[in-house]
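Going in written order, the chains are labelled A, B and C, and every chain counts its residues from 1.
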Amino acid sequence: MKRSVDAEEVARLAKLSRLEFDGKQAEDMRGHLSKMLDYFDALDSVDVSDVPPTAHILSAVNVLREDVVEPSTSNAELLKNAPESRDGAYVVPRVVE
Amino acid sequence: MLRPTIGCEVHCELKTATKLFCGCKNEFGGEPNTHCCPICSGFPGTMPALNAKAVEYAVRAGLALGCNINRFSKWDRKNYFYPDLPKAWQTSQYDLPLCVGGAVEFEVNGEKKRVRLNRIHLEEDAGKLIHDGGESCVDYNRCGVPLIEIVTEPDMHSAEEVVAFLTELKSVLKYTGVSDVKMQEGSLRCDVNLSMAEDGAPLGTRTETKNLNSFRAVARSVAFEIRRQTEVLESGGIVEQETRRFDDNKGVGYAMRSKEDAHDYRYFPEPDIMPVTFTEADIQRIRSEIPELKGPRVKRYTEKLGLPPYDAQVLTADKAVSDLLDDVIALGCDAKKTSNFIMSEVLRLAKTDGSEDVELLIDAPRLAEIISMQAKGEINNLAAKQLLSAVWGTDASPRKRAEELNLLQSNDEGAIKAVFDKVLSDNPSQVADFLSGNDKLRGYFVGQVMRAAGGKANPKIVNELLDRLVKEHKK
Amino acid sequence: MDVTDLSLGELKAALDSGKVSAVEATQAALNKIERNKNLNNYVTVCGTEALAAAFLADEKRAKGENGALLGVPIAVKDNISTEGIRTTCASKFLKDYVPPYDATVVKKLKDAGAVIVGKTNMDEFAMGSTDETSAFGAVHSAVDAERVPGGSSGGSANTVAAGEVPCALGSDTGGSIRQPASYCGVVGLKPTYSAVSRYGLIAFASSLDQIGTFTRTCDDAYALYRVICGKDKADATSSDIKNITQELNGDVRGKTIGIADEFTKNLDGGVGKRFNAAVDALKAQGAKIKSVSIKSFDTALAVYYVISSAEAASNLSRYDGVKYGARAEGYKDIAELYTKSRTEFFGDEVKRRIMIGNYVLSSGYYDAYYLKASRIRTLIAREYNAALCGCDALICPTAPTVAPKIGAQTDPALTYLSDIYTVPVNITGLPAVSVPFGTSDGLPVGVQIIGKAFDEAGILGIGKALEIAAGGNGNA
């Protein structure tokens, strides 16, 4: 399938990705995405309708953990990398639902 | 006429010791970010380690609700940005959930109703946001707590049906022992999908009202949304497919604006969790671990204990109440007396402030002691009631409390006789009336003696004294 | 004796015999790193911590204790978490991020007595094949400072090539160990997917990522692999590794080595010559060469970019300026906080991968791209495994060219072509090693040996045979 990417598509993906591109960057991104879609045309060269998708490349199943409590990490240790925190919590601008 | 069609997504937290993917405690509350580690806080490089107990509990709930268990099940990432979701995806199950099908059966207004289940899957809870002025504080204590999501078919048509469905679902979940199902603590939450259409017409556009955490809020939000959609449709408008919230304080619903790309979750298989498989033997073992459910208990109560069917229903509505009854009887108390006392007194205390959650703040040994003290005539009915209130929520010994509160009734005939005689001499006209055959005054005298004796005289003895008085008068 | 000239095996012997102390070896490594500063191999050099660890190693040895790497200096790629030492992924986003925990491999290195001298430069979030996408500047090849060392584990490859340390850890998602090993002239091992715990490796594409080794010899690669491999409770995808005690066998007599026709179609002249020489050398040593076919070879690059970008888009969503890492200024609400932080602190290549990843996962495109790629992935794995059924290993070039010059490649989509031989191996999860086999125009050329799952010893044995041959046949 031949697909190309237009400016609107770049804007949609940027929003979904929480990224912003100004005019020139958006155009470069559009060009790049179009080239990638050309690469992806190779996917159309094989018929895999009867091949199952790889759910996992390993065959192991049931890798589970016992329900046993382990010590948590100290609050100070967890928050020391936080850009903004107060009273043991991460702080963000008020979230409006 | 427009008719509502309703389906629910019910989220229920499982009461495992640890979270779904790490060894942090699964515990309600706590100071912010104190039941947390790099895994549940979404630190770079961390990986999930799936909790075996959570998988087992989800399957147990599924079996109790009549679901089929998928023999091969896997996890997927549901991607979206929100500050309560530190990895920016929720680990959930998309196309191969643990359980499919099943149903919840219950009665509404005497009619049998069956709501089909679509699926039950196992996923992780998100953290909590605490709004504070212009800021929100993010707490991941709840993040990673195991959650089952129970998705129904759109089989309900009124608020009443939804509440009855949730009541029965909550009861079953509690019986299986997989959850405390405390709505007040948010361990049971409900999203309601609702659409309106003319009878017989295809379903209308639905809205989803998220995160309702009391039966009252569910009932009110359903009523609100039915009214709102009806108004929209009748005035020629169209219902937008949207995610909504219901403000229980104001009694109004509103559309959320924060989940604008909520409809593109970009699900794909979680590469860091291996799939789970079940053999027939695994499923049999999990089935055998399900505790006695409600149905068999009702049967046992009516057939073996001879309780009236209504009482059996009331006593089994909540597993904890039923367990208490069984335990008190096992301690030697009479079944009828115990069931009456639980229904009239214990449930009154256990269900205050209109909450759906039953909170039993008395254990079986102490309740058994109160009931047997009453049976032996050591305390009267009123005192038993007072004593229960006095020890409720404490760990005091009922006998000690009864002594302290002076509730033990007097069986000392001599002492009672003295009071009795005083009452007789104070009420000569009533005595004459009584002796002339007005037996209705018996209660009056018992009451007077009780009052004079500070409520502690054994009414049995007072009655005997009255009998004797009549006998002597007839001589 | 210059201690930095020693291979891992030689240095270990010198330490054990007391000819050199861990402190001396570590100081020598740190001095050389300082002298080579302009190569830009490191994001963080942890000299103080390293010398303290070396001192402890010497004390242990004096008490008669030992460990597989006791006192051996090692470098660790900067996407592998180190408790208390910043781990940046060469990104502005994590420039000041200090992990609260050690990756499992780091624990294993420490338990074995290794001395971590620093965190190596890399392509941002391991996305790139030249090391030019680092927020800390490009790495200059130790072989030719105008050229790239390859990527994304360029710093790790280059520090070993420059003789700063005898060994380093890297990560390989689509060739990020093998390709820089080839460009720098060192041995780069990407173990079987699951053989080494990924816990603590900052994820790029979780179903493809694997931690592996850089060393100067195949024996050293195996020694280091033995330390880091094995089941880890913290990584559900990790495997128990059995039969680990065997020595490498460099004798290829009677071994069958497969070459797919698809491998040699578009080979650069110089690299092609070296590759053919390697094949001849193996034949001369008694190996049988067998022609095999991997029909899906041409689809691998597309499959790889669909799957790796999809997983990357998801894995990198957690960088949002809330919990750790940088936060942009001047936001008025949470949506702006996210968007401004991600726009300001992610580099261009990372943004490209995120965008393409969200494209192939988004509704309406999932089936045509992600799901289709996932099906072809099954097919590619089947074909590689089928080819390996009749062979002991497959052999192909590691990269189609030698190291390009810094700044030479301006079209990112074209640089992806340098991964053509390496990405199918990640798609299948198989182990592979790049072994240097001489040079072309003075620049190193690597040969890639691909093995059956968990046959690291087998491919390194064949690599050892090539080392022996290259010893007398260094340059073309």
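Following the convention adopted for this analysis, a residue touches a chain if its C-beta (ideal position, glycine included) is under 8 Å from a C-beta of that chain, and two chains touch if they have at least 3 such contacts.
The shown structure was predicted, so the numbers you read here are calculated from the model rather than taken from an experiment.
The chain pair with more C-beta contacts between its two chains, of B-C and A-C, is A-C.
Chain nearest the geometric middle of the protein is A, using mean C-alpha positions. If each chain is reduced to the centroid of its CA atoms, chain A and chain B end up 40 Å from each other.
Mean C-alpha positions place chain B and chain C at a centre distance of 55 Å.
Inter-chain spacing, taken between the CA centroids of chain A and chain C, is 23 Å.
Across the assembly, chain C contributes 97, 100-101, 207, 233, 236-237, 313, 317, 320, 322-324, 334, 338, 358, 362 as residues in contact with two or more other chains. Among all residues of chain A, those that touch two or more other chains are 16, 18, 56, 58, 60, 63, 65, 73, 78, 90, 92-96. Chain contacts: chain B has residues 38, 41, 49-50, 81, 83, 136, 138, 264, 266, 271, 273-274 touching two or more partner chains. Interface of chain C with chain A (complex): residues 96-98, 100-101, 193-194, 207, 233, 236-237, 239, 296, 298-299, 301-303, 305-306, 313, 317, 320-327, 331-335, 337-340, 342-343, 346, 351-352, 354-356, 358-360, 362, 368-369, 371-379, 381, 411-413, 416, 428-429. Partner chain B is touched in their complex by these residues of chain C: 79-81, 87, 89, 94, 97, 99-101, 103, 198-203, 206-207, 233-237, 310-311, 313-314, 317-318, 320, 322-324, 334, 338, 358, 361-363, 366, 370. Of all the residues in chain B, the ones that touch chain A in their complex are 16-18, 22-25, 31-38, 41, 49-55, 72, 74, 81-83, 129-139, 245, 256-258, 261, 264, 266, 269, 271, 273-277.
Interface residues of chain A facing chain B in the complex, by the touch rule stated above, are 15-16, 18, 55-56, 58, 60-73, 75, 78-79, 86-97. By the touch criterion stated above, chain B contacts chain C in their complex at residues 38, 41-50, 77, 79, 81, 83, 86-89, 136, 138, 263-264, 266-268, 271-274.
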